């Protein structure tokens, strides 16, 4: 009888708290979104699975001696995993469109307005009872507006590890929602005539320019904003491996093995921050709201800057491409292409939107550096 | 916030200037290069696919299909 | 003269103990079995090589500052390596045959009888002078009967690290010996008529079922047996990566890069537990004997349960497939197929044996969880 | 020992029940699916290979052989 | 005003020291050599990039909490990275030419004369003011003469971590300069007639011989020189994975995933030893001079031993192949082939030079073991 | 220095002896093996490529070219 009681007490059901139960459902929900709705499945599937694993009663998989806890300590607390992902992103990214038309960097800059507006928004939310975000917390939440997963994880792991779970979930969820969030904003802020603007074909870019680009970017970052050096450093290293043409096996490794393996482990480890105590709070609600806000503001700011550029260049620039400045590569650029095609069936904006799109990646890495420099004294 | 966004803008504007100067320098002093190839060779963007000779393309398409079928049977 | 003496004293021969010499021979023997006899070469070759490396006099490669010692600490003491292998196993395993005929899970359960019988056997062996197995030791030894390498390594690293070398060697050796150990037992326990039973073709399984299966299994494990959650969790994650169809690059990574790299390092690191003091003991002899015993019992129990199922279903089940319940995927299923073909040249049991075979993997992971829950208070 | 094996059996018997229920639920409420494909597409088990159209198969066989020969020469 | 000052003080320019500036240029120089001159790009590109990253002011990427500092601690301080590279080298190396003509091992031994001559040279350099090499330092520098990157990094990380940056840069630079350094020495030491000697075709080597070779080498190392066991152990393990023919997936993993990923991380981490304080010293100048010296002596000794072998065998050996004994696989063998073809357009020495070439790898690993045994008491 | 180089030489000379003995032992007691294949099969050295049947070679060459073209278009 006693032994049956002992047995029962070692089961999960006997120890399940409502928080754990809810988080198991959240995990299943994320997996559902990843598989059925194809919401950024490469990350949301492992994150959702990690959420399940670390909310299994008694197992302690997310704790300091548990597998996910250890992976978190080794890979995320040190910042290594998001940096390795950035290495792979660099090796996968073609910056030709940006080099051919450097002015699109301004669009990538404008779209970061969402980040800084959200920073203020997060601080303002402290006026509402139940919210109490520190400056670090606010900065970490604001980066969701960068629409760049690894950057958000890197910054959150530095500035607000306890919010990392919610921030990562929000960042990837909204990135997946780009095709739903962006088009109405794009249409509201542009005229039919603007959306129909056909842009000139991009000039070809030489191999030497593509090799020099990452080095220039890295050196500029070293001179002006050392706080962004880890992120920009790994991005440019990946890109140099790709463009140098002399280390193909390293480039392929960064694009495949490294990014795949790290993605699995990174996703799982984020789960270790998806415990009920950390996630089921009013703060998470605030983060989700602020994230949507950040995305919308960033999109709007990008489009408005696109309108300014369009005027200044005598309608040579289609303002829609400004929306791609939020990053979310390549989804945002595809959305631009789609909205553009609605007006003019022969106006392919994809290549033109790639410039602001990759500029957005650089922009949010720079913004992350600024936030680190502002917040850490 | 003003400072933050200002730094981001300044940084990217300087980068614009550097890239413009770089491209001019490369155009003037860089090695001659078969430029036509360089963009397409590395652009993985869909819709930008070059159109190779039609005959060649047909052979490739046939073999591609066969390889896909082969992989599907043997990968799983 | 003195310098020549110093030189001599820095050689291996001058410092070789008989234990080291014997272990070097054991290492060469394992490599011979791996290459010439194809005994589970993926693991026995690295294990044998590890045994040689960590028995080189003076080099200390298996010690705390040596390469193998460090790999052991990072990968096996933490449990990460066997769990990553399980991730790969999940990504490589097709559970369709099991989903199509869930009743074969009972065969996978029956074959775990070998584990629990061996647990008693190990404790009984304490009556023989020279043996002194604790309950933890006995549980770690018993898992050999699960015929599942990573499960055995995971459990042994938790419960009896000093016995890990012997247990891993025994587990993989007997898995390689499945084609020799099983057929006589299978033939002895079945009649000619039973062996000739032709089974109905399996129904097709839908994609949705294959996606839901790993989630159901994980949630059941979370509710009933949290102690098995790390093993079952990684197995089901791997399988979900495979079946979801939306994260192919992660699935391929788990099936290839992760499992290959970890296999090399895991095999080598096991060598760090193959020092003379740990391996050349009467206990090792006991482990080898108990392991063979566990295999035989498990096979027998599986076949007997197969006979019961055969009766209950009115001879719709060929009892031979019960033998595949020990796991040892896919070797045990192939053995079933071969023994079946001996009776009836047109009776292909392979697909039917895959059900109990993969059920055996789940069964031994569950059994490992039970042992952990029983032993660790 | 009795308890241990009992737990294993109970666990797997409950899993049997869950799988049976799951399959019924999927059959009733799940999306229609070209079931014929689903099993063979993921079954890596030898002997279960589907037989594709013979013409196609011959092309694949030829190319497979060529690819193997090609790899053997260039891999090493 | 004050905030603008704070902002300025957080930039890199405001904090740039001349040492850092110089090291940034060194980094760019290495990248230039890697890409434009194809100097060992697989390593010099990551090393150069690492040099840039860890000399970014304020960022501290090479420090103990920085990414490169952490990678150094995990991968190089422990010796794991160079050993994993050696595993890959073993899996990539075909020792057939050496097995077919074992006498070429003597050429691989002779070329290590450069190492030991340089050891004396480094100690002699202490007489020059500004140099103060300890015995450990001298041994670490001398290994540059082994013309084998991973061996040099392994030894330097053990004996003289502070010099590791300079030693790695020197080793890979001179390996890239083999086609320039070696030919004049080869021509100066041989007669036209000697260079024209046509060698007999190599006998075929059986699979069994190729499997036994790594095991023989490992056991010999275990018996005579345990200090070389980690290096020789991983080299032979890689080769056994390759030749055994039963673990192809592990062999491919060692040849690709492992070596690629580790090369990126290893190269970057070496950068953490390329700080101004460690690199911009007179010692680095000494290391570069001694390295060139070591290469030249090694080449010369190899060729002279080739001449002796040529005489002893009645002109059956072309002495040029002795130059390949410095390792630098396969570049040195290709140089031999090229110099040989200059004399006789039909005399292909490549296969014959592969024997001494791979013998040089073994030779420098053995020499590294000797240096460890001599220096560490 | 003398000792160091001496040890290296001794080590490698003993290895020479062992390899000679090993090869003799394998030749005498080892299994018969199609030796002609063994060297070329694992020699990755350029210039040592075996020449396969010309017909086969032409097919492989064509497919190789197609595969290369295919990869170049789809890899990037």
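Labels A, B, C, D, E and F are assigned to the chains in the order they are written; within every chain, residues are numbered from 1.
FYI, contacts are C-beta pairs under 8 Å (C-beta built on N, C-alpha and C of every residue); 3 or more make two chains touch, one makes a residue touch a chain.
For each chain, UniProt lists the protein as follows: A, C, E = Oxaloacetate decarboxylase beta chain; B, D, F = Probable oxaloacetate decarboxylase gamma chain.
Because the structure is predicted, anything quoted here is derived from the model rather than measured.
S.K.: Kindly list the shared contact partners of chain C and chain E, in label order.
M.R.: For chain C paired with chain E, the chains in contact with each are A, F, in label order.
S.K.: Sharing over half of the contact pairs with C-D by residue number is what counts; pick that pair out of A-B, B-E or A-D.
M.R.: Overlap exceeds half of the contact pairs only for A-B.
S.K.: Would you kindly state whether over half or under half of the residue numbers at the chain A/chain C interface are used by both copies, giving same or different?
M.R.: Different: when the shared numbers are divided by all numbers used, the fraction is under half.
S.K.: Roughly how many whole angstrom separate the Cα centroids of chain D and chain E?
M.R.: So the centroids are 48 Å from each other.
S.K.: Taking the mean of the CA coordinates per chain, how far is chain E from chain F in Å?
M.R.: Inter-chain centre distance comes to 23 Å.
S.K.: For chain C versus chain F, what separation do you get between their C-alpha means, in angstrom?
M.R.: 36
S.K.: Could you list the positions in chain E whose residues touch two or more of the other chains?
M.R.: 221, 224-225, 257, in rising order.
S.K.: At least two partner chains per residue is the criterion; list those residues in chain B.
M.R.: 3, 7, 42-44, 63, 67, 76
S.K.: Would you pull the chain A residues touching chain C in the complex into a rising list?
M.R.: These residues of chain A touch chain C: 10-13, 15-16, 24, 28, 31, 34-35, 38, 41-42, 45-46, 49, 52-53, 56-59, 61, 66-67, 70-71, 256-257, 260-261, 263-264, 268.
S.K.: Would you tell me which residues of chain C are touching chain F in their complex?
M.R.: Those in contact with chain F are residues 3, 7.
S.K.: Name, in rising order, each residue of chain C that touches chain D in their complex.
M.R.: 94, 96-100, 102-103, 105-106, 108-109, 112-113, 115-117, 119-120, 202, 204-210, 212-213, 216-217, 220-221, 224-225, 242-243, 330, 348, 350-351, 354, 359, 362-363, 366-367, 370-371, 374
S.K.: Within their complex, state which residues of chain D touch chain C.
M.R.: For chain D paired with chain C, touching residues are 1, 3-5, 7-16, 18-20, 22-23, 26, 30-31, 33, 35-36, 38-39, 42-48.
S.K.: Quick one: in the complex, what on chain D touches chain A?
M.R.: Touching chain A: residues 3, 7 of chain D.
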